[in-house]
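Labels A, B, C and D are assigned to the chains in the order they are written; within every chain, residues are numbered from 1.
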Amino acid sequence: MRMLINAPETVVADALRGMAEAHPDLAVDVENRVVARRDAPVSGKVALVSGGGSGHEPLHGGFVGPGMLDAACPGEVFTSPVPDQMLRAASLVDGGEGVLFIVKNYTGDVLNFDMGAELADEEDIRVTRVLVEDDVAVTDSLYTAGRRGTGGTLFVEKLAGAAAEEGAPLERVTAIAQRVADASRSFGVALGAPTTPAKGGPTFDLPSDELELGIGIHGEPGRERRAVMTSAEIADYTVDVLLADRMPSGPVLALVNGMGATPLLELYGFNAEVQRALRGRGVEVARTLVGNYVTSLDMAGCSVTLCEVDDELLRLWDAPVSTAGLRWGR
Amino acid sequence: MRMLINAPETVVADALRGMAEAHPDLAVDVENRVVARRDAPVSGKVALVSGGGSGHEPLHGGFVGPGMLDAACPGEVFTSPVPDQMLRAASLVDGGEGVLFIVKNYTGDVLNFDMGAELADEEDIRVTRVLVEDDVAVTDSLYTAGRRGTGGTLFVEKLAGAAAEEGAPLERVTAIAQRVADASRSFGVALGAPTTPAKGGPTFDLPSDELELGIGIHGEPGRERRAVMTSAEIADYTVDVLLADRMPSGPVLALVNGMGATPLLELYGFNAEVQRALRGRGVEVARTLVGNYVTSLDMAGCSVTLCEVDDELLRLWDAPVSTAGLRWGR
Amino acid sequence: MAAMDAGFFRRWLTLAAAAVDRDAARLTDLDSAVGDADHGSNLRRGFTAVTAALDADSPDTPGAVLQLAGRTLVSTVGGASGPLYGTLLRRTGKALGDGAEVSGEELRDALRAGVEAVARLGGGAAGDKTMLDALLPAVDALPDTAAARAAALGGAEATVPLQARKGRASYLGERSKGHMDPGAASSALLIGALDEAAAGQDGTVEGDG
Amino acid sequence: MAAMDAGFFRRWLTLAAAAVDRDAARLTDLDSAVGDADHGSNLRRGFTAVTAALDADSPDTPGAVLQLAGRTLVSTVGGASGPLYGTLLRRTGKALGDGAEVSGEELRDALRAGVEAVARLGGGAAGDKTMLDALLPAVDALPDTAAARAAALGGAEATVPLQARKGRASYLGERSKGHMDPGAASSALLIGALDEAAAGQDGTVEGDG
């Protein structure tokens, strides 16, 4: 086992200490595991809270700041946070206009956020919830825990965050988050397994001439293994799967996302193929984001998320955002 | 071999196509391998050109934009670019105030940039050059090609870029770049070797219970191997090596840099230890940047760069920058 | 099975904590085959907190012991198993009321209420390849704790060929077959610890808790 | 050694390109032990461009052939070896002047000028564990191309125990010992190709270029 850590048990606390040191504009509660805007609560503004297992950085803590989240609740590595964190975060950031919980659809996240919402309700904090379930690799939703939430989370957090920053009320921010969640689709491919601190080794074995198609962001094996494919072939496969599930009728935002260990050089090359594949199938890409945004520790691989947008959503995308992981405009 | 590529030969061209698709504010010449600000030449502004082998992304192409570089010349993977690229870049971005070449100290980069400067000179473009040689792992400079240029490059590009954006003349921009280069020190540690497309496998073998200390950014083995250390031990070792070489007498900028495959979660935890180590040795950290900025493909590991700053350099650090890889202010 | 007091329930949970600690790596490995490789460390963290909470604040009824344990699991585990196991113990504890002692039959009925709460919360049923597949047969076999232990183990074993329909393993579809469900395995540990506690109480075996 | 015309030099470079192509993986492996694992692909890219350039534009004097090859290497290789090999050929070509034919002695003297330019540009000397360790003894053995080939190979072999003082391998310090310098290995290929071309010319062996 060779990781840049002190001990598996301290990984999350150590990371939060390090975040606090690097980002003076964040209020990091290491003990209670809440990362919040230092200026929270912002009065008159709807607050956004998200969170989930750690290991997906910059998601979610790296997306806390003006124009995006008000607070994030990091769980243990690949383990959803506990309800106490959500209650604390909600209390901390509620500026009187209510709080939106953005929850990735995993049994653990859903159960814990729901319990957190109950606790917040007992404290008279108004909470709404939007579920992100964008991973088209999960078919047969009837016989599964439903689609996983992956890259689409970034779009939901960014666009709903921009709406909240503009002063939209809770119902409207929630509706926008829901629209974005509904319009987002993702698919991921692994070229290698991640190593979790708890396990100390790769979470699955992948022969060196094979790929895992349809992976999630927790080191879970995918839905299918295939012999290695070129970047162009992976792009075609991925875009086909995405469009088969939802063919957009307007322009899309595209997130070409690295899972952690794939070099940016390769990711940009992959983006060229994704854009070619989309263009060839008549899809117009309005904006593209390339980088490691929704990761799975040191997993090698990539995912593509598309989100159909109208003028309003595009404007919200272009609106200023100032977080550790995503930053533009002002 | 499992990489997200089409073929080893097309990796750089594919990545440039993908950059062009993702960043409409960049002018990417895929054929001639120059990434430039779309608004270049900016008249009345000194232009900054850098470049080097590919595989270190976002360095350098990701640092092209207002407040930083005017153009970057990407070579093949881990191979310095050719003089024709530097000439083309200089011609493209020279706004009449001259061009600063920022060169990492490697035999190949130095020779090719020097040839490029000669060619530019023949076209009556005024060129100055600053060499970045910040890697303290290279001892015995007399018997080596001298210290390598690594993380310090980011500081040189950012601070000199800010000075140029403010309208400083070539001599002054060059002097600032030189001051930053003089004040920067780096040290890196590998927890795993990168895989280059040309070789198709790891560039060195590292037993799973050992670390490479004093590595560069090209998959070169380091100067020493040791049994695995904790994040805190690596931080202490690194900070000791850095301060033994140059003990700052004022505040520093700190870059806690990932080599590519180390999760951001671990990197933040490492940052906590680096800050502790620096504080314990009486060094004041004015600003910290944590992330994958000067990478070595999918190498696992980290490096720390310190750059002593005065008020002027700190102001230049805080000045707005708007590039794919580094963005703040305005 | 003799009447059980708060001390018995503390012993049960302490034995469960020891078993989880001992088998944490195995649980994580099971979870790595069909999930995200954290079940062992999740439960270890939770049960370590449970023993600490029981030490700090010694509730004096069986119901209070289980409710404290359940609350602690909810607050420290996270993931799917935190709310589910937390609900199991909280709900069971509530059903036990506030008597100082409970009978084997009372425990069985309370545990059934707890397991039903788990099924409701998670929307799961027998055969979905979850902890329920160990818990349901165990409850049916109570108050005979030895039989319950065997039933839980058998239930866990029986998850191997199943295709998961709940939790993270369900994402694997067909590929989830051929692996034991980690939650069913940990439930077997929990019921095993109950039997150990009962055996210790009967004087047959002295539990180490 | 007979007088050599432009055709001879084209054959030399074509043979060199073939040798580099054949041995690219070996050169990259050598570079991976002490450098950055790109020497083979660097030179392959460069020599492929050289043969293409010579095909496109057939210079008619030995000097012009080498200068075009050198310029092409500078423009396509990059890294340390691009400017160094580029300078070697450009400088050698310049020294050959613009005669239509050159003698073995003239080639030797021109190549010496080229090698000296390499030493000047890179600041290297014999024993630094670079391409110079193969090139210097080879030049000394000319105009006997077979002897030069042997000397270059011997020079490359002799780099194995050396500690590098120039280029990327120098960063390894002591750890650079025990590996052949990749540039010395490729220089041996270059001189080997010269001997092949000469042998083909003498009718002893027909080079495949």
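Keep in mind that, in the parts below, contacts are C-beta pairs under 8 Å (C-beta built on N, C-alpha and C of every residue); 3 or more make two chains touch, one makes a residue touch a chain.
Note that the structure is predicted; figures quoted are calculated from it, not measured.
Chain centre most remote from that of chain B: C (centre = mean of CA atoms).
In terms of their C-alpha centroids, the spacing between chain B and chain D amounts to 32 Å.
One inter-chain figure worth recording: chain A and chain B are separated by 29 Å, centre to centre, where each centre is the mean of the chain's CA atoms.
Distance between chain C and chain D, defined via averaged C-alpha coordinates, is recorded as 73 Å.
Shared contact sites, meaning residues of chain D that touch two or more other chains, are absent.
In chain A, 77 are the positions where the chain touches two or more neighbouring chains simultaneously. If the chains shown are joined wherever they touch, the resulting network is a simple chain of contacts running from one end to the other without closing.
Contacts between chains, counted with the stated touch criterion, involve the pairs A-B, A-C, B-D. Here chain A touches chain B in the complex through residues 1-7, 10-12, 14-22, 54-55, 57-58, 62, 77, 191-192, 206, 208-211, 228, 230-232, 234, 256, 260-273, 275, 285, 288-290, 292, 295, 297-298, 300-302, 322, 327-330, going by the rule given at the top.
Against chain B, the residues of chain D that register as touching in their complex are 28-29, 32, 34-38, 40-42, 45, 74-84, 121-122, 163, 165-168, 170-173, 175. Remark: chain B residues 8, 53, 75-84, 106-108, 111-112, 115, 137-140, 143-145, 148, 196, 198-199, 203-204, 216, 218-221, 223 touch chain D in the complex.
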